[in-house]
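A, B, C, D, E, F, G and H label the chains in the order they appear, each numbered from 1.
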Amino acid sequence: MDEKDLKLNETEFLNEDICVAEYLVYKKPETLIDIDLHYCPGCGHGVVHRLLMEVIEEMNIVDKVIGVAPVGCSVFAYNYMDIDMQEAAHGRATAVATGIKRVLPDKLVFTYQGDGDLAAIGTAETIHACNRGENFLIVFINNAVYGMTSGQMAPTTLPGMVTTTTPFGRDTSITGFPLKISELVAQLPGVCYVTRTSVHTAGNVRRTKKAIQKAFEYQMQNKGTCLIEVLSNCPSNWKMTPLESNKFIEEEMIPFYPLGDIKVPKEEK
Amino acid sequence: MKHESVFSGFGGQGVLTAGMILCYAGLNEGKEVCWMPSYGPEMRGGTANCIAIVSDEKISSPIISKFDSVVAFNQPSVDKFESMVKPGGNLFYESTNVISPPTRTDIDIFPIPAANEANKLNNLKVLNLIMLGAFNGVTNLVDDESIVFGLKQVLPERYHNLIPLNKEAYLIGKRLVEDILSKVG
Amino acid sequence: MGEVRLMKGNEALAEAAIRAGCDAYFGYPITPQSEVLEYLSREAPQRTGMVVLQAESEIASINMIYGAAGAGKRAMTTSSSPGISLMQEGLSYIAAAELPCLLANINRGGPGLGTIQPAQSDYFQSVKGGGHGDYKLIVLAPSSVQEMADFVRLGFDLADKYRNPVMILSDGAIGQMMEKVELFEQQPKGGTFPKPWATTGKTKDRQRNIITSLHIDPKEMENINLRLQEKYHAIEENEVRYEVMKIDDAEFILTAYGLAARICQKVVELAREKNYKVGLIRPITLFPFPKKLFAEIVPRIKGILDVELNAGQMVEDVKLSVEGKVRVEFYGRMGGIIPTPEEILEHFEKIFIKGE
Amino acid sequence: MAKVKGDIIVDIEKCKGCELCVVACPQGAIALSDNINKKGYHYMIKIKDNCTGCENCALVCPDAVITVYRKSGKKKEKIATISNVQNNMTMEVN
Amino acid sequence: MDEKDLKLNETEFLNEDICVAEYLVYKKPETLIDIDLHYCPGCGHGVVHRLLMEVIEEMNIVDKVIGVAPVGCSVFAYNYMDIDMQEAAHGRATAVATGIKRVLPDKLVFTYQGDGDLAAIGTAETIHACNRGENFLIVFINNAVYGMTSGQMAPTTLPGMVTTTTPFGRDTSITGFPLKISELVAQLPGVCYVTRTSVHTAGNVRRTKKAIQKAFEYQMQNKGTCLIEVLSNCPSNWKMTPLESNKFIEEEMIPFYPLGDIKVPKEEK
Amino acid sequence: MGEVRLMKGNEALAEAAIRAGCDAYFGYPITPQSEVLEYLSREAPQRTGMVVLQAESEIASINMIYGAAGAGKRAMTTSSSPGISLMQEGLSYIAAAELPCLLANINRGGPGLGTIQPAQSDYFQSVKGGGHGDYKLIVLAPSSVQEMADFVRLGFDLADKYRNPVMILSDGAIGQMMEKVELFEQQPKGGTFPKPWATTGKTKDRQRNIITSLHIDPKEMENINLRLQEKYHAIEENEVRYEVMKIDDAEFILTAYGLAARICQKVVELAREKNYKVGLIRPITLFPFPKKLFAEIVPRIKGILDVELNAGQMVEDVKLSVEGKVRVEFYGRMGGIIPTPEEILEHFEKIFIKGE
Amino acid sequence: MAKVKGDIIVDIEKCKGCELCVVACPQGAIALSDNINKKGYHYMIKIKDNCTGCENCALVCPDAVITVYRKSGKKKEKIATISNVQNNMTMEVN
Amino acid sequence: MKHESVFSGFGGQGVLTAGMILCYAGLNEGKEVCWMPSYGPEMRGGTANCIAIVSDEKISSPIISKFDSVVAFNQPSVDKFESMVKPGGNLFYESTNVISPPTRTDIDIFPIPAANEANKLNNLKVLNLIMLGAFNGVTNLVDDESIVFGLKQVLPERYHNLIPLNKEAYLIGKRLVEDILSKVG
């Protein structure tokens, strides 16, 4: 099959009267740099990256935003986001963000962190940034596993779940129970907004986007720390197809980590 | 005797396993072996490769820049490794997936339509064994039984029922190069 | 002959830990060494009842080691460069409290997050002391999968013998590559060294045991330091290990450890083919460093080329050993790049043969 | 065939064939191609002409490869140039 | 005044018919080594040390117990307790205790930690040991200040409280609110018993002792992590007399950190 | 003349930070340096609006510095030995990401928890790199309260000039003692070096700025390393600083830094009284080390006595500088013990005069 | 004077004069001496003979310097030798 | 001229402050000064001391083992520092608190009943100024006004009303040694 065939094949249904600028309703944001994402097929990281960039573009705050990437699969987040970014040491994103926000209080700062990064090695930094009520957004990608290092147990791994370091399933009597860090930090007075969303369906993607937007608004109003926990998949390390992985989110993750607001600012309760 | 080879392709094509089977086969024959994978996040949907060395003597450097054989499972691998074949060495490539084939004239080049053959077996996963068969068909580095030994080591117990299929794929690969060689020779 | 297997360096290390009677492993994943924790999680608890626990961080790991080693058990952790940096405080505590234990650093390219490719850039950290205060680790540098296994047993034994932490300084390539390895027999769990100092619960027949590194009185602290220095001296006297290759008639010496030494073996072969009288010294113990060997060989040779996968670290110890009596040159690659034997030979020729 | 209201453009070289869009499409308008792209993935293609331009596929796509058009409904206000689309795509929208 | 006078003076009321072994009702435990404690006059650390030793002696578990001292004023705890002990790096006592308990599961392990040690630098270790349900006792001395380093703010310092690093009073908008770490860890499923006591009156001393005894019993029953938070004073750094400091506990600390059980084992609820 | 005050070394350092235009200080208490955070908490926010935040740990501190320095601000932290060990990972990241910032280690006796008395046992850690990977800090060693102040300004300037972290390596005695100090004038906040690379929010007129130390491709990582090494080389060329005392006619050289150098000044006085021709070299920059000065002076002298408050660390750099061409001896005390001038003189006489 | 039921022995050289026992004593039986011990502290002394042996003072004493006796009430079972009391104390109880 | 002294006593007796006032006084007269405290947890109810050096020239080593003057506020300080007085130097000690007084004969020894005198002033806190007065009465190292300058530096603004009392204590100390000296001399 040669290249000509291919193009023809893919475009035979294209409606030339619809695909014009006038009728454009959705395109990816300009701030999402147009190169291949290194993520595995179907990985939720890409969706959340895009949503962040959509919100930042739509709110027109590119020149105000500074992002902090973690160590984890999303370590390269800065390769895709056309904004100023810093790459933090594993677990220290909220400390780095504290450093940034304290010297640039008028800017909008967010961290983007995985469950290993935020809830294992970075526990102290997470708790204390939240407790100080650092006025930034923490985007917390909970995929119940260490993605980047190939699938070890995370603090959020479900009981019984098989990972490379729990080859016989997570035994809570040895490794403890999954850590619901969102519920924990929600109790800290400095924290203004904690919500749990997912990106495994279009509706949930929409809700996640709304949460991100809200969080930036709260930050503009100096309300304190916002944390958005996004349940995400890791098809590669869960050893599933992307579709199976989304089913797993629906059937296993959400029952354990229920979606919805965990804390909202007082006046909105 | 020392044979230094590299197996390279997309993640998921089984290139690391192919090299590993070769090393186990060498081990089975009492040879010195060394297998060295590329590792890390480039694995995320990217490319993977491994060096496999089989030798009668102790192996010094596991790091090499010139290979007796290159086994390329895709276009990027051909592009990357063609120049690293020693003069007189072999380059095997999966010909269904490769649009611009290698061009060197000082090495032996073997286009292997492994994907087609694997399709015929209704199992794309055995593509790597076809390539390995081609490789060993030319180099005769190890015995066929040693390859089967290697398969047993590499496949988890619960997949041992797939050994015959894999062996078949291996033999197809061997046959493919025999055909080529017979045409040439 | 022991059981022979084809194994990754990291797996060999893990398997050897089980066989060396390791009581407890605490670790945190990091490429390129996560296989250790993974292998042990799969194998160890069922086979010997060894404790295997994924800690919340490297800092937790090293301090869990402290606790377990202080309780008299054979305890171990492994990590790679950034993770090892996080352990520096804990390591200094362990060295000061004289707790025998085993660590491995599967070195990757730095500084910072760097790359996950192999490097040897943590020599200074391991050998000079990345933590605070005057202390020494015994540092073993394997250059094959076989040694990844063997040095675990050796390391535990040295640790117990000297009540000192032992560091296996390896790298991503040796950790990831597979080679043939002959495994030693299962050893008794916990080893056989008596540990009357361990905190196991004070029984009536003895005084209480205390594991500490605090000595607020400087005189006392100096005495501790003097005792430590004496121990390090004894280690330097007794435990130097190295491998040599064709040094008897050598005019030039290559020196390298670990992976770089493997490559240099090939360089020696290539050089000899060209009739250059080149030999190789491979320090196996980086501390204690084979100073005397270098001092002895100096009168007979014309030059030394030190090859490392870093910007020049061990070369300082080589220079300190030869005290200016022979020319010492350095060749290094950084950031995860591994030089080929040909490249090294070329460099050798450039400086020592063509005399640039 | 349903009255055409929407349409999509897919950057097939960037598609990773994860199929998430396929299950997200309420119209069943899309599927994976039997062909593979340069990265070795079966990429997503339209199989029916009944797209409503609901955006679902684009929303769930982790690789942001889908652009959506919809004829009915109010026009979007700010419409920028789409320069991102790779040039081995047949269509270019300016 | 010479020594003779002094002895006479102090003993004139001594009743020789009462002070005999037969009528002994309270003496300090033998396991509390008979040397001067280095603590400042009136400091609560001494009381808690004594209580621990009383319980250990009364339960006859000296040969089973291994203690872990922190870095803080109580770093020298091992000088006073006649049991096997380890001195942990600052904040890492629960990691050290995990190391001990995992290899000696039949022994009884406790850590003794200050608020800086446990709730600042050691936050991650505290949370994760509790989350794993490590089967040991954490004795947490909350004196709202860094004692040993001379009075800096601790995570538990009260709002408005003056310390050497909050010279104008703790400003919660900058440093965050006091961290109620007991309430936080009580939510973790692995934790079995969390209680807050104090030692500023005889009654509270008695209650604290009882809590310690309970915790060791739970440990023997493998129930998981026990944490006893003891509100304690730091007269030196609070710049108060011991009596004033106890008043401060009563009037300022307890209202903020209410005494009582925060979590008890299920069957006892 | 600037304002003259009697101040503790730690306070002078803190005051100088305010005056040097420091934007942010993040730190965690530890003896013997807690005065820095305390002084700044009291003084800084009102005077210059400087951010002063007590972090939850040293690890948080160093990473807050990373963030603030990456945002283009003058950021600083201080600690003492165990706390500095905890910062090693962060430091390696900062060096790799080339973030200008200032640290001070008010060294206390180690290893482990050790003692809080002064020591110089963290030389290796500071100079050779206690973190992972090949990197260098610029290391300044003050020996007076005056220098505790002056080196803050110098340190920030060097940091900005080279985009490199600078470490002030001092000790508990210099941190705690009070001396007269002449303070420099208030400098503009944030300094005056342009920082176009800083993450301050991407404006339309420029590309995005990224602060990172990750370069997964080893070739790229090697290039980063080569660039770093080049920079370190430039620093070695341009920034060597030292102080000498009576070296012109000296037959013997004492060498020491920081507190030990102060003591050795007295030793030189005492020695000269006895007509020994003794001079003193005090390296002020430990990296870059005054190698050339040592190399130059070698032909004129009979011996060097290196004095440190440790088991022998800087002495390696002295030896590497003189390359065996002159006898180098070492005298050290450890664990917080400070030798008296008389004691050092006696040792000097024993080895160089009475020729033991 | 009240009927004597209890009594205490204080290790005065170890007392730090914190006064916590003084306020804890329901009988007002104790107070700080005007004298100081070797460490420079005013140490606690009995000022009345009305001690009931209630133990309160001993319980709150951070330096564990108080030993308590009580005549009434049931005897304690295990009574060990008190060897801790410093020898500059007048009383020794064996 | 260089005078090297140490002030030593219980924590809380104001020994560090006494040394610091002396250094401020020296500073006031344009001299070089150096003050070095003992520090750390031994402060918890333990002893404290500081070295104070006042000099016309630059001060080299701040660490010294022999002193021109020792000012000892309690018994342990006498015990610790008596042997460290240079021959011909001074040892001042608070005589109310010291049971075994110093015995050396090659130094000048000044017993100062500072606690008694402080009691008379109804303020034990000024004990340190009495000792300082005694010290300066003998050494004449700095002027009285410089001591007042030092007091101002050391006392927080809100306690400046206590300066007269402290000055009085200082002068009492001076007078005490003048008496001793006049008896001797």
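Definition applied: contacts are C-beta pairs under 8 Å (C-beta built on N, C-alpha and C of every residue); 3 or more make two chains touch, one makes a residue touch a chain.
From a predicted model like this one, the values you see are computed outputs, not experimental measurements.
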Going from chain B to chain G via touching chains takes a minimum number of steps equal to 3
Contact-pair count is greater, between A-D and G-H, for A-D
Between the Cα centroids of chain E and chain G the separation in whole angstrom comes to 23
Taking each chain's mean CA coordinate, chain D and chain H are separated, in whole Å, by 87
Separation of the C-alpha centres, chain C versus chain D, in whole Å, is 54
When centres are defined as mean Cα positions, the distance from chain A to chain E in whole Å is 40
Listed in rising order, chain G residues that touch 2 or more other chains are 16, 39
Expected list for chain A, residues touching two or more other chains, is 39-41, 75, 87, 89, 120-121, 123-124, 128, 148, 155, 174-175
Within chain F, the set of residues that touch 2 or more other chains is 31, 53, 56-57, 59, 82, 89, 93, 97, 113, 116-117, 212-214, 216
Listed in rising order, chain C residues that touch chain A in their complex are 28-31, 34, 37-38, 41-42, 53-54, 56-58, 82, 113
Within the complex, chain H is touched by chain F residues 4, 6, 31-32, 116-117, 172-173, 176-180, 259, 262-263, 265-266, 269, 338-342
Within the complex, chain A is touched by chain E residues 120-124, 127-128, 131-133, 155, 172-177, 179, 183-184, 187-190
Residue set of chain E touching chain C in the complex reads 62-66, 68-69, 75-76, 78, 81-89, 92, 95-104, 107, 124-125, 128
The answer for chain F against chain C in the complex is residues 59, 81-86, 88-89, 92-97, 107, 109-117, 119, 121-122, 124-125, 128-135, 212-226, 228-229, 310-311, 313, 316, 319-320, 322-325, 333-337
